[in-house]
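Chain nomenclature is as follows: A, B, C and D, assigned in order of appearance, with residue numbering initiated at 1 for each chain independently.
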Amino acid sequence: MSGNSIGNRLILTSFGESHGKLVGATLDGCPAGLEISEKEIQKMLDYRKPGTSLITTQRKESDKVEILSGVFRGFTTGAPITMVIWNSDQKSKDYENLKTKLRPGHSDYPAMVKYNHFNDFRGGGRFSGRLTATHVMGGAIARKLLKVTLGIETNSFTCQIGKIKLKKKLEKQMMKLIYKNKVRCPDENIANKMEKEIIKARKEGDSLGGIIESISTNVPVGLGEPIFSSLESDLSKALFSIPSVKGIEFGSGFEGSQLQGSENNDLYTIKKGNIVTKTNNSGGILGGISNGMPITIRIAFKPASSIAQKQSTVDIKTKKITNLQVKGRHDPCVVPRAPPVVDSLVSLTLADHALLAGKIKPVL
Amino acid sequence: MSGNSIGNRLILTSFGESHGKLVGATLDGCPAGLEISEKEIQKMLDYRKPGTSLITTQRKESDKVEILSGVFRGFTTGAPITMVIWNSDQKSKDYENLKTKLRPGHSDYPAMVKYNHFNDFRGGGRFSGRLTATHVMGGAIARKLLKVTLGIETNSFTCQIGKIKLKKKLEKQMMKLIYKNKVRCPDENIANKMEKEIIKARKEGDSLGGIIESISTNVPVGLGEPIFSSLESDLSKALFSIPSVKGIEFGSGFEGSQLQGSENNDLYTIKKGNIVTKTNNSGGILGGISNGMPITIRIAFKPASSIAQKQSTVDIKTKKITNLQVKGRHDPCVVPRAPPVVDSLVSLTLADHALLAGKIKPVL
Amino acid sequence: MSGNSIGNRLILTSFGESHGKLVGATLDGCPAGLEISEKEIQKMLDYRKPGTSLITTQRKESDKVEILSGVFRGFTTGAPITMVIWNSDQKSKDYENLKTKLRPGHSDYPAMVKYNHFNDFRGGGRFSGRLTATHVMGGAIARKLLKVTLGIETNSFTCQIGKIKLKKKLEKQMMKLIYKNKVRCPDENIANKMEKEIIKARKEGDSLGGIIESISTNVPVGLGEPIFSSLESDLSKALFSIPSVKGIEFGSGFEGSQLQGSENNDLYTIKKGNIVTKTNNSGGILGGISNGMPITIRIAFKPASSIAQKQSTVDIKTKKITNLQVKGRHDPCVVPRAPPVVDSLVSLTLADHALLAGKIKPVL
Amino acid sequence: MSGNSIGNRLILTSFGESHGKLVGATLDGCPAGLEISEKEIQKMLDYRKPGTSLITTQRKESDKVEILSGVFRGFTTGAPITMVIWNSDQKSKDYENLKTKLRPGHSDYPAMVKYNHFNDFRGGGRFSGRLTATHVMGGAIARKLLKVTLGIETNSFTCQIGKIKLKKKLEKQMMKLIYKNKVRCPDENIANKMEKEIIKARKEGDSLGGIIESISTNVPVGLGEPIFSSLESDLSKALFSIPSVKGIEFGSGFEGSQLQGSENNDLYTIKKGNIVTKTNNSGGILGGISNGMPITIRIAFKPASSIAQKQSTVDIKTKKITNLQVKGRHDPCVVPRAPPVVDSLVSLTLADHALLAGKIKPVL
C-alpha cells in the first residue's frame, strides 16, 4: 500500500518533487499494443501548463514529457511506462525563508509534523499542485486506451469560478469549445466574466475557487465493483487526490438530497432498442455500477491557498504568532488548469475498471 | 483487489446477501489485545436497526451479531475477526415477480448486465442497504480501538431531511442528543419537523433524502498519506460505498468554492500551547493530512429509490415499457439509519490510517 | 495487506482457529456462473480429513463444509463465497497445561512473543495445520473453475516419506491411483513401504517428513507476470503457507543446479503442430511465465513437530529448562494429508493468474 | 496488483529494459530520516557489476546509480525514492537476428506469446538478468535501514558451482571473505576450484549453475504474518523473481524431509538469558514467523541458458526446426553475480516485515 500509487490493474505511481530534479510517473498494467507517442501526452500536458496567461502563475515550465521505458517502436509493450518531466524554473529560495512560517491553507504544518521536518518543503514538495502533471502523463495514455478500445470520452470543463456560474447544460457540440478560452468554460460570455473575476482577485492579492464538471460518454454498462470499489468510491478517491478539491458529487448530488424519490428516480425507457433512462440524476452510476448513461461529476475546488495579502500565522520553530506574506509566483485560481487533471484521473479510474471488468484485454 | 474489502492495515471484508443465509464481515488487522464484546458491537448495530418506528421499514430483523473468530477470552488475538448476522425476516417472494422489471434508481439493471443474471437479485442481493450492517460490525471495533488508543471520537448526525435543515452549528454537548429521537438530529425542534416530513412522504408513497454530518475529534496531526491515499481520498472511497450517497464534502466544501482565499484560509494561532486554526474551513485536512482540527464531513443521500407509487419502467426480458409498483417494506428515508454507518466507515478509515502512520501499534 | 488473504483477482481469505468455533474461508473474485455444490467441495475436503487411518491423527472431525454466501441456485453469483467448517472434536484441555512450555518445532514461541500472549494458543490456534482446510474449501472451487474453463488439471502425490522414495516417473494413467492408498503414492509397492515406515515412527513416538510432487497439465502459454509475480514467485508464496513446508523446487530444481546449460536447457521442437520442449527441466515455467509444458513442483515437508517422545524445552514464564511430553492426538506424518492442500494452493494460484491474463473472464 | 512491484509497506517498483534507455527502481515507503547516498548504493551495485573478470560477461556497463527523487539534503524524505541506471553498452543488433529463433531456456517463447510480439525482445527486455540491478538499488537502502534500526545483517555467498561444493559451515569471521574472490565463496580453496570450473565451461561454450546461501542475523522474534505472508512465503516470492532461480529451501529444507522429528526439532534452551534453540534446522522461522535464530536460505540457480554451443530450436515465425548459435556476451555462470541480488531481496522483505510488525517506525 502506498499513497503514491493508484489503481488495481492500471496503476499509476507518482514520484518527484516540485523543486527536485523532476516529477515523474510510472504507469503499470497498460495493455501491450497501444500506439502512443510523447506528442500525444504532451498535448494534454500543455492544457495544464502554467505560464500561459495572466490568470495563472508566471512560472515558466516547459513541462516536456520524456518516455523512459515501456514503449518500443511506438507501441506499449506491457511493461511499466515511466515518464518524466525535468524541472527547470524553480526558484527554491522563495521558500527557504518560509521554512518555519506556516502558510495558511497549505500542507506545511501537517507535513512537517508527519515527516518530522525531513520532507522536502520547497514549493510544497510532494504536496505541490505541480505533481498533478504526473497524473496527466498517465491519464493521457488511459484516455487514449479508453478511446480506441471502447470509444469512451471524458471531457471536463469549468462551470463555476467564485460566484460566476455556467447555468446552461452542456450540449455535445460545446465540448469543442472548452479549450477555446483560458478558463476552460465552454460558454464564451461566461468565460469572459470568469476571467475578469480572476484578474480582479489577483489584483487584490486574493484568490478564487470554483467547480469543474466532468462528463464521460459511451461508458458501457457494468463498470464498478460492489461494494467498496464502486465507481463513485474509486472516482472520488482519485479526484480527492487533487490538491484544493474539497467536494465531489455525482449526478444530482447535494441538490438531489432535497428532492423526493418520485422526482429523483430516473425512469427507464427504450431508445433505439437500448435501455436508457429519461433523466440522469444518478450521474450514470447505480449501485456503484455504470448504467450506460453519461457519468457526470462535479468537483469543488477551494480558492488557492497562496495569496499575496499579508496573513497572520504561527512560526513552528518559535511557536509565536507572526505575519506572513507569500511571495513566489502563484495561481490566483487553479481551476482553469484543472480540466486535464480531472480528465486524467477519471480516465485512469475508468480504464482500471474496464480492465477489471474484462472489457479491455491485457493485450490489444 | 476486491470491491468487497476496504483498508490497508485494517481490512474489512463484507460478505452475504440481503436474502441469503446471513450478512457477515471479517475485520482483519485489528491489533491484538483490544477488549471487545458482542454487546458493544450490538449497541452500534441497534442504532441502525430497522423496524423501530414509522419512519423506517417495517421489516423485523433482530440483527444479532455473533463473533465467530479472532476474539479469545474477551480480547482480540490479532487474527481475523469474523462476525455474522443470520438473516431471518426476508420475504423473498416480494422480489420474485420483480425479477425482470427494472426498479428505477436501483442497481437491478447494471447488476443483471454485469453478472449476466447470475447475481442474487432478491432484495438487491449484494447491493442492498442491508449490507451496511457489515460495515457497522467492523466499525464498532474500529471505533473502540480509536477511542482507547488515541481518544478519537466520531459522531455523525442528520442535518437535513428533504428541505428541512439543521442550521445551528453543533456544540459539543449536543452530541449526546443525537440518538434521543428517531431521525438522529440533535435539535429536538428540527427533529420533529423532519419526522413529520418523512411520515408525509410515506403517506404519499414517496421518499426523501437528506444530509448527514460527521465530526471526528482528537484526531492527531499527521494521518493521511500523500497523494492518492489522502484522508479525503480514503474517507470518500469508504463513504461512497453506502448505497444512496451521491455527494461528499469536507469543511467548507462546495460553499467554500465561492469564497476568496482570504476568507477561506484558516489562520494559525496558538491555543493552550498548541498550534490550531481560528476557523476550520479545511475540515481538519490539509494536503490530505489531518491538521489536528476536527474532521468535518457532509454526506448527501439521494431519496430512497423504492417508492410505493406506480412508476414507468422497462422489462429487461421483453424489452418493453411497463408499469411497476414496488411492494415490500421499505424505508421512506434511509438517512435516520445512516449515522452509525457513517461513524463506522469514518472510524475504519481513521483507524487504518492511524495504523499506517504508526500511531497505533500492531499489538496493544 | 494481510497474511490471511492470498491472490489478486481470486482472493482467498482464511479465518478461524483450530479450537475456536470454526475454520472458514471467503473466496472472492470467483467469476459468476460457475456451477458448484457443497458436495464437490466436500469430496476434496475428505481427502485431507484426519481420523481415517492409523497413519494420521485420531481426532475425529467430520469437517462438513457449509456454504454461507455467494452461491445462488447452484451457481456462483460473483459475490464473495464464504464457507465454513464448524469445529467439533477439539480437546482444548490437552493444550492448557502446555500453555507456557514451548513445543519444539512449533510456532508457540514466536507467536506468543509476536502477539504478546493474546493469541489463541489452543492447538496452535491460527498456526494449526487444521487451517489448511480453509485452503481446500477455496481450492476446490478454483480447481473446478480451471477444469471447466481451460481444462487445467492439477494432481499432487506423495513421492517421498522419510527415506522411502518413489523413483518412477509418473505416467498419466498413474494419476488415478493416487487416492487408492492411505499415503497417496501412486505406486502400490512404494506406498506399502511408506505406510510401514510411518507406523514404525508412530510406535517410536517419532514422526516423519517427506516430499509431495505436483503436476499441472493443459496450462496455456502465458500465465505469470514479470517480475515479482512470476508463476514461481506466486506458487511458492502460496505453498510455503502450508505449515511444515521448508523447500520448494520447480522442474530440475536443486539437482539442475549441478548440470551444465547444454544438459539442462529444454530444446524446442514441434509436436502435432505445437511448439513444445523435448525435456521439461524448466518445470513448465520460463522467465516466470508458463510455456505450455506441465508445471512440475516438488515440495519438501519437515517431519511433524509434535512427537510423543519426551523433549527438553524452556518454560516461557519461568525461563527455566524443563521437559515436555506432548499429548494430544497428532499425525506422525502430515504428508499423506497434504496432496489436496497442494492441489488447492496450486489451483488457486493458477486460477488467479488465468484471470489476470484474461484467460478466464469475470463472468462465465 | 502488478508483477513489477513487491512489498506491502516498503514497495519496490522496477522499470526499464535491458536495451532501452535505462533500468530504474522506485522504492516507496522508506521511512523519512534515513541518511543515504548514491555512493552507498553504488557499492552494492558494484558487487553485481559484469565486465570485471573472465568468469562473467564481457559487456561493459558502468552501472552508475542516480537518485532522482525522495532524498533531500542527504536524508530520505518519506517520498518515493526513484533511482536509475542509464544504459550504455547494449549491442542490440546481436538480438535482431534472433528475433524469431527461440532461445532454449529463455523467456523468449512465452513472452512473445503473452505479449503478442509487442514486448521489447532485445536482450530479454524486461526478463533480462540486468533488471536485478533495480532490486539492488532498492535493496541497498533496505539493507542500510535494517542495519541502523535493528542491527540486522544479511550476507549471501556462493556455496556451490556446478558440482563443486563448499562443505564447511560458515563461521562469522568468514563473512568478510565473501568478496575477496570472484566467485564470492568465502573459502579460498573452494573458490579457486569453482573459478576453474567456470572457465572450463566457458571454453566448452557451456554454462554452469550453483547454489547461494543467505544468512540473516539479529532478526528479532516476531517478523512474518500468518498465514499467506509467512516469512517463507514472502522471502521465496521475492527470491524466485531472480531469473534462473529454480529452488529455495529454509533451514534443513529438502534434507530435513528425510529426518525424523526427534532429529529435526530444534530444542529450546537459555543462552545469556535469552531463549534460543540448540540447532537451527528451522532456518530461524517457525510457523512462518522469525524465532530469533539466524534466517538461513539456500537458493538453487540453473545453469545460464545462453550458451555458445549450437542448439536445435524452432523458428516461431516459420514453425520449423532450425539451429541456433547465440552470440552476444554472456555469463557462463550467473551465480557469482547473485549474492548482492539475494542480499537485496532478503533485505527488502525483512524491512517490509519489520515495518508491518511495527519494529521500524514510519519516521526515524
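As a working rule, contacts are C-beta pairs under 8 Å (C-beta built on N, C-alpha and C of every residue); 3 or more make two chains touch, one makes a residue touch a chain.
Every value quoted in this text rests on a predicted model; they were computed, and no experiment measured them.
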item	value
Chain labels contacting chain A and also chain B	C, D
B-C against C-D, pair bridged by the larger set of C-beta contacts	C-D
Whole-Å gap separating chain B and chain D, where each centre is the average of the chain's CA atoms	46
Whole-Å gap separating chain B and chain C, where each centre is the average of the chain's CA atoms	39
Averaged-CA centre spacing for the pair chain D and chain C, given as whole angstrom	26
Chain A, residues touching no fewer than two other chains	1-2, 4-5, 8-9, 14, 79, 114, 126, 226, 356-357, 363
Touch-based graph of the chains, sorted into line, ring, star, complete or other	complete
Residues of chain A that touch chain B when the two form their complex	1-6, 8-9, 12, 14, 102, 104-107, 109-111, 113-114, 124, 126-127, 131, 160, 162-163, 201, 204, 206-211, 221-222, 224-230, 232-234, 236-238, 240-241, 243, 245-254, 256-270, 273, 275, 277, 281-283, 286-292, 300-307, 309, 311-314, 316, 319-321, 356-357
Residues of chain D defined as touching chain A within the complex	1-2, 4-5, 8-9, 11, 13-17, 20-22, 24, 26, 28-29, 32-33, 68-70, 72, 75-80, 82, 84, 114-116, 118-120, 125-126, 363-364
Chain B contact footprint on chain D (complex, rising order)	1, 79, 226, 356-358, 361-363
